[in-house]
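Below is a structure I'd like to ask you about.
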C-alpha cells in the first residue's frame, strides 16, 4: 500500500470520467458552483453526543433534483449529519444539535415544526437493513398507511415500489411472507422500496448499497438517477466510485482528533461538484483520501 | 422503469411548519391520555390502598410493632417480630432454592433444548400451567416433599421455603426465558464463532445481558411469595411464635400469616395492629423492589 | 502503515497450525455436567406436576368412589362443581377486562413514552402492586370497592359479597404482572425498528401500535397468560370478596364461590381429612388443573402461530 | 398436674388445629413464656380437620378442635397407635344477631330452625311471626366448611343433609359477617360470641327461647347451661405419649389447664363452669398414668 | 442500465489487471489450477432451510495460505456456504447440511467432531458488526479467555489485535469503554480484531468491509495479504474489486429459480484462479455478472 498513491496518480482517469459523462454527466458541465435553489441547507451545524463533540460547524446546500454524496472515513460523522437532516437525532438519547437546518427555507429545528411532518417529506434508508417484523407487503404499505396517503390501489403501489427497488421479481410470490426470510441484500432493497412508497421530497440514504450485490447496486444507482428528476437525494457512501457515478455534488468529511482529549470531531473539508472534487480536489486531505481508495 | 410514475409531493415550506404536530393529533392525544390513565390507575389504587391501610393502622406505628413478639394479653402493644424475622428467613431460603433452579431451567430450555422435541414442548406447556395452580396446592405438595425427604416436622423453615420456592419457580423460569430470548442472536453467534462453547456463551454473554429481565422476574416472584399465607398454613407454619428461628429446622412463622390471622380476630386492637403490619410488609416489598431497580439499572443495556 | 507491519510481525505469525488439528476427542465433561444439571432443573417442573397429580389423583379416586360423576358435574347440590366453575370464569373474565387494557396501556407508556428517568421510577411503583398481599386486596374489595365504589359512587345494587368487586380487584392485582412483562417485551424490540418507522413519518402512537406492539406480541401474550394464570389460581381475594356460597348465576352483582375459594375453605376447615367433603377439594383442584392446562395449550399454540421473529 | 413440674422444663411443643381455639392456645403460650421462656411453643391454625391430620400423623403434640374428634380421625390415630386425651377448654356461645334497628328481640328455637333449615322459604320477618315487622330478611353466615356452620347444621337444626339453607351471603371471616349484618337493614346472621361482644354497639343479639323463655347470650347463661342449644364446647387433644416423654409438652398442658380461666378470658371465650373444669382436670390427671 | 453492459466491454481492462499484478499477483502466475494442498474442501455440499433448498451441490477446495473469495448476487447462498465451513449453521434452527466439508482431510460433519473445536480453528467475521456488550478490551480478550489460550500479557495481545485491525489509534484511550459507543465501521473493525486475537488457522469473513471506509478497507486488505502467509482466508464480498485485489481464487455463485415453486437455489457457477475468472471467465453467467458491475 505504501507504493500505491504514486501508482494511482499515474493511472489513467478514463474509466471514471467515462462513467461521469455516461451517467451523471448530462448537466455536469453546466452545473453552477453552488446549488442555486437549495431544498435543504445546513448552517453552522454542530452535533454533540453528551459531552462528545461529534460534528463541528458544517455548512452544506443540497440542490433541488440533485444527488449529493457525503463521503469520508469511518467515524467522521457522515451518518450523524444525515440524521440531522430529518431530525432522526431527536430519537438518540443525549444527542444535541446546534446551528440550523433549513428545508425550503424553513429551519426544521424551529419551534412549531413537527418532526414527524419533516420525516414524511424527508425519507430515510439506513445502513443496516431494518425491515419491520411484518410481511413484505405490509412493510411497503406501512408508510402510506401511517401517513394517511390517499392510495387508489395498495397492490399497485406495493408493486411499483418493489419494482423500483429491483426486488419485485424475487418476492412477487411471497408478498405475504415475513420480511425476515429475505437475505440481507433483499432486506435492504425492501427498506428502499418502503421509503420510495411514501413518495417523499428528499431521500436520505445511509450507505444504502453496502449490503447489495453489484447488479442490485447498479439498479439502485439507476433508480437514483431516475428519481433525481423528481426528488432530492442525499447519500452517505463509502464507495467512492458510487459517489462518482451517481452524485452531482460531493461533500468530503474527515475527523480531527483533539490533541488533549483525543476525541475525534468530524468536520467538512470540501464541498464541490463531484467532477471537480474528484478530478481536481482543492484540499490536500481530499486528494489523499481519494487516492487512498486505490491503494 | 415504472417508478417514474411515482412523483414527488409538491412541497412548500409551510408543509412542515403547520404548527400542529402529528404527535398531537386528537387521536394521538386520546391515546396518550389512555396510556396515562392506565399507568396512574394502578398507582392510584396503590396509593388509595396504602392510605386506607395506614389510616386503619395509624395508632400502631411504634417500635413495639417490629421489636415485640405477638401478645394477646396486651393486644394494644402486640408485635410482629417473629413474623418479620420469619419472612426474611423464608425469602432468603426461597430465593436460594428457586433462583438458581429457575435460571438453570430457563437456560436449558432457551439455550440447550431442541425446541421441536416433544418433551421440551411439554416442559414449556407444563411451566405455564404450573403458574396457574392455586398456591394452596403447593402447600400440599411441600408437605409431600418434606415427607419424602424424611422430615417429620413440617412447620419449619425448610418446609415453608420449599412451598414458596415451588410456588415461584414457574414465574422465575418463564420471565427468565423471556429475558434470555431477547438477547440478540448476533451476540451468541459472535461468541460461538470464537470457539466458545454453548455454556461459555451462555454464562459470559447471554446471562449477563439478561440480568435485568431475570431480576424483574425474580423480584416479581419473591414479592408474590412474601405475601403468601395459604400454602404456609397448609405446611403447618406456626401462627404464633415467641422466639426466632435458629436454623433451617427451626419452627417459623411468617408476617402474612400473622396478618391474615389477626384480621379475622374480633378485637379491634389486633386488627389495627394487622393494618400497621401490612404497611411493614409493603415496606419490605419496597425494599425488594429497590434491590431490583438497582440491579436493573446497573445492568440494563440496549442494542 | 508501519504500525500495521509491526503488529503483524509481533502477531501470531507462525503459530497458525499446519497439520490437521485434533477436532474430536476433546471431551468437555464440564459442559456435559452443566447441561445435565440444567436439564434436570428443567425436568423438575415436570416432577412437580407429577407430584401434584399424584397428590390429587388418589383422593379424587376416593371421591368418585362415593360421589357419582353426575352429582359432581351438576348445577346444584352439595358436591356440584359447575357453580364454582361459572364463578371462576366470571371473576376471571372481569379481571382480564380490567387488567389487559390497563396493563398493556401502562406497558406502552413505560416503554414508548416515558423518559428513562420516569420509567425507572414508575415501573417499580407499578410492580409494587404485585407484591401487595392478596389478603389486603380482599379487604380492600370488601371495605372499599363494594360499599364505597360500587354501592356508593356507582350506585349499583350489588350484594355485600359479589363477583364484580372480586373481579375488579383481582384485575388490579394482575395489572403489574401484565404491565411489567409486556414492558420488558416491548423494550426488547430493537431500536432500529422504531427508527425505521419514525423515518417513514409515523408518529409515536403509530410506531407503538403498529410496529412495537406486534413485534413484541409473543412476550405480551406470555405476560397475559401469566396474568390470567395468576387470576385463576388466586385464592384469598375471591374467598373474601366473592363470598363463600355456591351460586350459579350470570349476575356479577351476586356473591358466588370460586374454585380456589372452595379449595381454601375446605383445606382450612372443619372436615376430617379423608372424608368425602375433604376429598371434594382434590376433585375441584384437579378440575382447575385441567382447565388451566387447556387454557395454556391454546395460548401456546396461538403464540407459536403469531410470533414474529426478529 | 404437678405445680412444680413445669418450672424447669425446656423443649419444643407443637400445637395445630382449630382457628377458633387458636387465640386460647396462643394466650397459653404467651403466659407460659413469661414464666418459662425455655419451653418453645409453636401454635398453628390449620383448622380442626387439618389439625387432626397432623396430630394423627404424629407431627404435632396437641390439636385444637372446635368439635369432638370424628370416627375417621379416631381410626387414623389408632392406625398410628396414637393415644390421646380430650380436654374441654372453654365454651363458645354462638350468637344470633340482627341489624340494630330491627324490631325483633327473641326467637324460639323453632323459628331459628324455620329460618335456617335447608330449603327454607322465609324471606320476610313476618313469615316467622305476624307480629314481626314487614321487613325482608337478609341472611349472613359462615361458609359450609367452618365449625360454626357445622354446629348450626348438625346440632341446632339437626337436619338430615347436615346443611343449612344455602341462599345466604357467606364468608369465612366473621368480621365480614359483622359488617354485613350491621350494614344491611333486616339482616341477621350468626357467629361466635366474642364477635358480638366486640361489636355490641352496632349489632343486636337475639335472645333464644328453647322452651324456657328468652335467654340472652352471656357468659353466665352459657356457663349455667341455660343458653341452649347454641353453646358449644371447645377442646384441645393431647398426645399421651408426648405428654409423658416430653417435659415441655407436660409443662405447657399443665400450665394451660391450671390457668384456664385467665386464658379463656384473654382468648375471649366463656370459661368453663366449675363442674366442667373439674372434669377437665381429672382428664388431665388421667394422661400421666 | 440497458446500455451499460455494452459500454463496459469497450472499456479498457487495464486498471484491474494493474491491481492484480501489484497486489495479489506475486504468485498468481505460478498458481496451480487447483489448490494442491487444500486446507478445506466442500464436497457435494447441499444446504436446506426447512423445505427450502438454499444451496445445491457445491464443490470447493480452499488452498493453504491462499485467499479465496466467494462472490455472486444477493441471496445466492454465499453466507450460507460460509457458515457451513465452521458449522455455524448448526445454530440456525431448521438448517440442514448434506455432503461433506473436510478440514485437513477430516470431515467436520463426522460424528465425533466437536463443532467447538472446529470453530476455534476456523474463525469468523460477520456481515453486520456484532460486538459484545462489554468494553473494547474485553471484546478482544474474550476469545483467548474462553478458548483457554495461554497468554503472557493480555494487554499486549489486545494491542496487537487492535493494531492489526487498524483500530488501535482510535480506541487506545478508551479500551475500558463499551464497544457500543463506536461507529459502525469501528465496531466491525473491532470484530475483526476479536477474531484475529484467537489466532485461528482459517478465517472466514462475510463481507467484512461492507461497513468500512476505503482507508480502513485497504488496511484490512493489506492485513489479509499479510495474514495470508500464515492463515487461510475465505471471504464473501460484493465488491468485485476487492475480490480481484486480494484473492488468489474466486468462486462465483448464482441463484437459479425453480420453475414451479419459484424458490431460488444457490449454485456454484465457476471456481478458478481470480485472474483467470476475471479476465477470462469460462461461463457466460460469470462474464455477465462481472461486467454488470460497471453498469
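Worth a mention:
In order of appearance the chains are A, B, C, D and E, and numbering begins at 1 in each one.
Everything below uses one rule, namely that contacts are C-beta pairs under 8 Å (C-beta built on N, C-alpha and C of every residue); 3 or more make two chains touch, one makes a residue touch a chain.
Worth saying up front: this structure is predicted, and the values here are computed from it rather than measured.
Here the largest set of C-beta contact pairs joins the chains B-C. Among the other chains, the CA centroid farthest from that of subunit A is the one of D. Each chain gets one centre point, the mean of its Cα atoms, and the points for subunit A and subunit B are 48 Å apart. Each chain gets a centre from the mean of its Cα atoms; for subunit A and subunit D, those two points are 85 Å apart. Residue numbers of subunit C whose C-beta contacts span two or more other chains: 1, 28, 143, 190, 201, 203, 264, 267-268. In subunit E, the residues that touch at least two other chains are 116-117, 121, 128, 200, 219, 222. With touch defined as above, residues shared between interfaces to two or more other chains in subunit D number as follows: 19, 46, 50, 172-173. Across the complex, subunit B meets subunit C through its residues 22-23, 25, 27-28, 31-32, 34-39, 41-43, 45-46, 48-49, 52-53, 101-102, 104-105, 107-109, 112-113, 120, 122-137, 139-141, 144-145, 166, 169-171, 173-175, 178-179, 181-182, 184, 197-199, 213, 216, 219-220, 223-224, 226-230, 233-234, 256, 259-260, 263, 278, 281-282, 285-286, 288-290, 292-293, 297, 302-303. By the touch rule above, subunit C contacts subunit D in their complex via residues 78, 142-143, 147, 159-161, 239-240, 243-246, 255, 257, 264-275, 277-278.
Put simply, subunit D touches subunit B in their complex at residues 12, 14, 16, 19, 22-23, 25-27, 29-31, 33, 37, 40-46, 50, 54, 58-60, 172-175, 192, 194-195, 197-199, 266-268. The part of subunit A that touches subunit E in the complex is made up of residues 1, 3-4, 7, 11-12, 14-15, 18-19, 22, 72-75, 79, 127-128, 170, 173, 182-186, 189, 207, 210-219, 221-222, 238-240, 262, 264, 289, 292-295. On the side of subunit A, the complex with subunit C involves touching residues 1-2, 86, 88, 91, 93, 116-117, 119-121, 123-124, 126, 128, 130-134, 142-143, 145-147, 178, 180, 191, 194-195, 198.
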